[in-house]
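In what follows, chain A forms one complex with chain B and a second complex with chain C.
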Partner chain A sequence: MKPAPFSYERPRDLDAALSMLAASRGSAKIIAGGQSLGPMLNLRLVQPELIVDISGLAELKRAEVSRGELVLGALITHADIEDGRTADVTRGAMRGVAANIAYRAVRNRGTIGGSLSHADPAADWISSLAALGARVTLRSLAGARTMAIEAFVVGALESALHAGEIVEAIHVPSRAASAHWGYAKSCRKTGEFAHAIGAVLIDPVAASARVVIGAIDTTPIVVTDAAELFGGRIVADYKQRFDARVADDLLTKAGIDDAAQRHIHVRVLKRAVLEATA
Partner chain B sequence: MRENAGVRNEREFPCKSGQGVGARLPRKEDDRLMRGRGQYVADIRLAGLQDVAFVRSPMAHARICGIHVPERYRGSVFTAADLVGIKPIRAVSGLPGFKISEQPVLATGKVRQVGELVAMCLAPTRAEAEDIAASVTLDLEELSAVTDMLKAREPGSALVHEHWGDNVFLETNYEVDISAALDAPIKVTREISTARQCMSPLEGRGVVATFDRRLDQLTLHSAAQMPHITRSGLAESLGMEEGQIRVISPDVGGGFGHKGILLPEEVCLSWLTMRNGHPVRWLEDRREHLVASSNCREHHYRITVYADRDGTLRGIDCEATVDSGAYSSYPFSACLEAAQVASILPGPYKMPAYRCRTFSVATNKCPILPYRGVARTGVCFALELMLDLVAAEAGLEPGEVRLRNLVLPEQMPFDNITRKHFDSGDYPEAMRRALAAIDIDSIRAKQRLGEVDGRRIGVGVSIYCEQAAHGTSVYSGWGIPMVPGHEQASARLTPDGGLELRVGVHSHGQGMETTLAQVAHEILGVDVAKIRIVLGDTAMTPYSTGTWGSRSMVMAGGAVATACRELGERARRIGAKLLQHDPASVVLQNGEVRGVNGSVSLRAIAHAWYRRPQDLPADVDAGGLEVTQGYKPVRDSGTFSYAAHAAVVAVDPDLGVVEILDYVIVEDGGVLVNPLVVDGQIYGGLAQGIGTALYEEMPFDASGQPLATTLADYLLPGPTEVPAARLDHMETPSPYTQFGVKGIGEGGAIAPPAAIANAVNDALRPLGVELMQSPITPHRLVEAVLAARAAERSAA
Partner chain C sequence: MTTVALQVNRRAVEVSAEPRTSLADFVRDKLDLTGTHLGCEHGVCGACTVLLDGVPARSCITYAVTCAGADITTIEGLDEDEVTTELRAAFTREHALQCGYCTPGMLVSARDLVLRLPDADERRIRVGLSGNLCRCTGYVGIVRAVQSVIEARRARNIAPLADGGRTSLGPAGSGRAMFGGDEPEPAPRVSVPASDGAAPVRISDFVPATVLDQSFTLPHAPTKVLAMFDDIADIASCLPGVSLTAPPTPERVEGMISVKLGPIAASFEGVARVERDPATLSGRIVGVGTDQRSRSATQGEIRYRLLPLEGGAATAVELSIGYTLTGMLAQVGRSGLVRDLAKRLVAEFAGNLDRHMAGAPSGQVAAAELSGWSIVSDVSRAGLARMFGRAFTGKGGAE
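Here is the complex of A and B:
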């Protein structure tokens, strides 16, 4: 379990990194915390010619609130969020998610941008950030583009990143005072990847709900207008109105044939709904 | 001093120093190991050392049509064609009808498992060796893979070893009057299975081989449990004299059976260092460990239990199949598990009728190896799950059914229906204590109220016996390459009064550097700090079959005691000369020889013998202060330790998650040399048993690809999954061994899967759910819950 030979660069700034990526014509991999890429390199599942280590890029370590949204640089670690070293506009929602990602050793090094780029369906951020309505900015030498998280994750371990492009920042909107947040996952053991994730952001006052069913074999199921899951409208007693059959149908439509798997997903989602609090 | 309030020792040895048999001494070796100063194979540095990586088969079953090595790597890649004169590994059993497999150290003709060695690649570093391995291409013609042991038994199956005509290594039949059971009012039949697992010690296998031209000797450093057996096997495979080979097993990071096997890699590296003249190294990585070398535990049972209405057992009828994998491993053979199943299934229970048919089946999987508990974990799982069903049929508490059928203390020694000879013990008492400690009545009351969080509470028990240190009389019947005889130990007083003990067993977590010193201290009174244990080196220790089968404390402990007694006797005679006493009038006590007019220390005796012989009279005994003695227990049919386990679980039927709320173990390992070490053994075994029960599984697809190739997929329990178990000790001495000790090394891993599965089934029984397969994963559990709900709906 040793990686195939590769070249290694550690650029000083984002422009240099983008230039290296552009020059590599798709044969480079970006490494930040290395918590996913490290094992994949050692297993020779990926054999890039060049590793661009972005851990020295100060531009990607910033976290600031601007115009009502939180902008997190891609290099912010899970532990930064867990420990409250970054500002929070989600009233603790992100902090709670971060604290339960894998193990502390992984959280110390793993980055939010790296987690998104890896696009593992079982990872916490792609589900939770989709539920929070976050967007992601991608940058290349050609410029930047921004898209919703659910558009960014296009398949299992597949993101919308083009060759030469890098996740620069994550934009998290402020959570309204009336919005309830619920997040649940089921793991076979503490710290392992989840086999079911449910994330909900429900605002009975605004009558809106975003619901995510994650850790399925492919991209999370993101329901941006989730009234159907609650009998057609989002009202104060949404917990009682949760309709498991609608969730089950969503999973069936997503190609989950296994009834036990669907059952677990629905129950985890239900737990997220029941535990949701303002 | 009591460090664990839950522990009761019923028998203490009144060793004044507090260092002898029965003392809870912290482990001497931990000073080294816990500071990261252990020396493992991977820590060995030799000048000119080069690394090996192997090209392994990517297919489970295929004909090798070609092996293509790029021009630039010729000379760094070796295949079977290069290994002239190297014999395949053969582990033959003498049991009638056993079919022989030949395991080539590098594949010839065809490959029979994913991960089988095809070529050996040499480079200055492992990474470069892996680059070379990646450049080698194999031209393989894929054959149908045999992956299901039950289908493999059917006619028309693809064949792992064509010339056999079928896939059965060995079939055995055992019967005692099964017809007498058939009219029993309770008859329960089920299929029960345990998953294929990987042993997963912290340290994998590893080999550093080098050749010394002056000594004309190959030295193989290997992470191995049984260095002398490794040497015998190597000599056979390499066609060398045993004296030309030295096997050194340094610190070893856990064995559990995995490191009791002669590896093709050991043979390959031995050949390579002799060919090239420089040291070579191979270190197993975790993927190799999971995929290619460490499979165990895959059993299937079709079992019927017959009982009377009051729960009294009338008989058991069983057909057991074990997936033995592609080859018979040296020295334990491919039938170690299945052939044992027939003889150990009845365990500590009385019954008048019994039948068991077993099959050791060859498949295109990694050879099955012995793993802590060997066949017992599967057997305990099968029988104890069945007894809970008998209890449900009879309307009795599961504990009650055990108590009705367990052998009673007044029946000891007891020969059970398969003629296993139980040396001593009070099995019902262990069960009663476990039921009391888990507080069965309050759990039943709690169950009636239900859990506030929607989970269901369940309680389960299991009990087993662990035959340990079984010797010549047991193993000679199997006719495998290794039959243990007298265990030897050497004891040597050093000129400064220290003691060196040389034993052929090895210690890879068992704490023998401490416990064997305690045994010697018990007899000679030498301070444990001044006793050095030499082990793990064939050049420095007496021949031994090594460490396996929970035998070391009984066998090597007995040998150390025997050698120390003889050494003490010699020292006593020299001491008498120094005291100018009649030898009959002096005694050895607390490290000195005492007579009526004075005493002389062992240190002074050793000094006189080695350094001042002029102080000794001419007629002094010439035997000296170095002794090798052999030892066997009075009976060598094995010691029988046992334990009752009780588990309380909370089961979430919607998520399939099982949480262990409480766990109690009441263990009787005879006289405990060091209860602290025994506690550690039990906790470690429990963790592995929890892995078997809930987490660990190596699945395969239909083409024979192993699917859990990293520890992200092969789940091991961690600290958060292992509860703080409560331990209680009983100490019923064995009548046959030194001090009354019994082997206890494996027990912790035997009973947990059964206790936990019984607890889960207890929790889910009102839902009509029954799980008969390990591990109990969330998916299996939810699937069973949904099936039960569907059945209920269709019934309504």
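Here is the complex of A and C:
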């Protein structure tokens, strides 16, 4: 349970980190809080030659609201969000998600950028940020590119990150005053990875909804135009109009063959819908 | 080795350590502070919880070198701490420990709850302590002890510390180091000797622990697809990550499969036996393989069956993939990730087969780097995913 030997570098800025990553030709891993990579190193599932520690880079610890969206540096921790040390444009939605990730000792070091990079389908940010309509900026020596969260996760543990590229920032749009937020997950034990996640952002005034069915062992199901889940239109009584059969069909289409699994996902999504509040 | 300078229990410490040395091993082995306990060593059990810049952190999955300049407080540094003193008295009173192994981590986490949650009821305390496992007490005494301290402090009107006393952003313990790192000496790598190959490996039958069913269709006649399945070298060239280490015979194939799941990579080397039943358009490939690096072994089989479609113009390929994994990689498991990987790899395999049968040069079709799906060990990769999972079953998604 001790990692295989590795070399260690602590770059002074992001450019230096990217240069180290580029020079390593795939034999290096970035470490931030290390709460996903640490266990994998200890179990020797991952044996990089070089660890590049970006945890000290102040430029990745910014959290600011700009042009109506929150921009979080990759190194913002779950506890930073939970405690409200960062600004919030989601009216508490992100705080609620952060407060229920793993355990406090993990949240004190685990970062939002690291969690996304790891691309575990059962992790909280992948699903919740997709529902909130967030985007992620990736940076390499060649420059930066920004994409929707749902485009970033391409499969279990597989993200759109190219070699030499890291998550730089997360952009979270403001949640409309009329938008309801609901988030539910099912864990066999508190703090464990979820077996099912439901995340909904429903705006009955704007008649729009984003619905995410997550923790399905692959890329979450992200429904950006979710009217069909609510009988064709999104209105004030959407909770009564929620159609479990449509959700079940979505899961079947996503290849979830096991009816019991689909049942759990549908129930958790329904819970997120029923618990959604303004 | 690199020099790590930090403060432990308010004392400046400068000790050389390998980059891979965890903070827990650092305080235990280098500083003789053995009150920090190691249980699971992958962030699940909480026995190693210490204060890092004043807030709880897992010292088993935090490397000492990443904490340069930080303030570490272990259980030994909490002797005079006001809250911990109250908690110790309460633990004694409520019989909140038996063997004591979890207690140092439990006290560090409990102290944090007392500071942050002045209104916590039993449920919140239980949730707050869910990252610290105790195998003796059933938690009843622990929860009661923590609750009594919280209530006593509330009665004394002691203000909470909602953020646990942390004011800066980013991972606890970070950002206090000078820049630079390890001297750029390459980490020693143990080169793995190839299996000697002298003793022929026996391929025995087995009952797979896990079976995955996959299928796809090809726009070619079943006889043509069957011929393709009969040509081991051809089929291997369509399997991502697979290479043959010896010329195959119709019955036996020796090869290697490199598999990759996220950041995990492994190479299984092994042999497979090929069985065919042309009459029923079906066959079976059964093999064994080992990954030297993780000292893991796998047994796997692929059963395939071809069904004519569209009057014989196309073929449905039904695959049943079974495997059993032993060794280090088998200790961890989240089978769901396997299904996703298997689906993606089967799709890749099907695409390669189709292109190959349409006449694309075989050198190109298998060019995709390691995401192997192999005759010998599609299985091993699947196993990888399984193994990989359990490391994380204890924690929510957190880098």
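Points worth noting:
Operating definition for what follows: the second predicted complex is superposed on the first by the 278 of 278 C-alpha atoms of A that agree within 3 Å, B and C clash if a C-alpha of one lies under 4 Å from a C-alpha of the other, contacts with A are read in each partner's own complex, and residues count from 1 in each chain.
Assume contacts are C-beta pairs under 8 Å (C-beta built on N, C-alpha and C of every residue); 3 or more make two chains touch, one makes a residue touch a chain.
Nothing here was measured: the structure is a model prediction, and the numbers come from that model.
With both structures placed on the common chain, the touch criterion links A:Arg85 to chain C but leaves chain B unconnected.
Looking at the shared chain after the overlay, A:Arg139 reaches neither chain B nor chain C. Contacts of A:His171 after superposition on the shared chain: neither chain B nor chain C is touched.
In the superposition on chain A, A:Leu43 makes contact with both chain B and chain C.
Contact with chain C, but none with chain B, is seen for A:Gly34 once the two complexes are overlaid on the shared chain. After overlaying the two complexes on the shared chain, residue contacts for A:His265 are found with neither chain B nor chain C. In the superposition on chain A, A:Asn100 makes contact with chain C only, while chain B stays out of contact range.
In the superposed model, A:Pro5 lies in contact with both chain B and chain C. Contacts of A:Lys189 after superposition on the shared chain: both chain B and chain C are touched. Partner contacting the larger number of chain A residues, of chain B and chain C: C. The intersection of chain A residues touching chain B with those touching chain C, taken from the two complexes, comprises 1-5, 39, 43-44, 189-193.
Across the complex, chain A meets chain C through its residues 1-12, 29, 31-51, 53, 55-56, 58, 60-61, 63, 73, 75-80, 83-86, 100-111, 113-126, 155-158, 187, 189-194, 216-218, 255.
Contact residues of chain A toward chain B in the complex are 1-5, 39, 43-44, 186, 188-193, 195-196, 258-261, 263-264, 267-268. Of all residues in chain C, only 2, 18-20, 22, 25, 41-44, 46, 49, 52, 55-58, 60-63, 65-66, 68, 109, 112, 126-128, 130-132, 162-164, 166-177, 179-182, 184-189, 261-265, 293-294, 328-329, 331-332, 334, 336-337, 339-341, 343-344, 385, 387-388, 391-399 touch chain A in the complex they form.
Put simply, chain B touches chain A in their complex at residues 126-127, 130-131, 134, 285-287, 654-657, 695, 710, 712, 715, 717-718, 720-721, 777-779, 782-783, 786.
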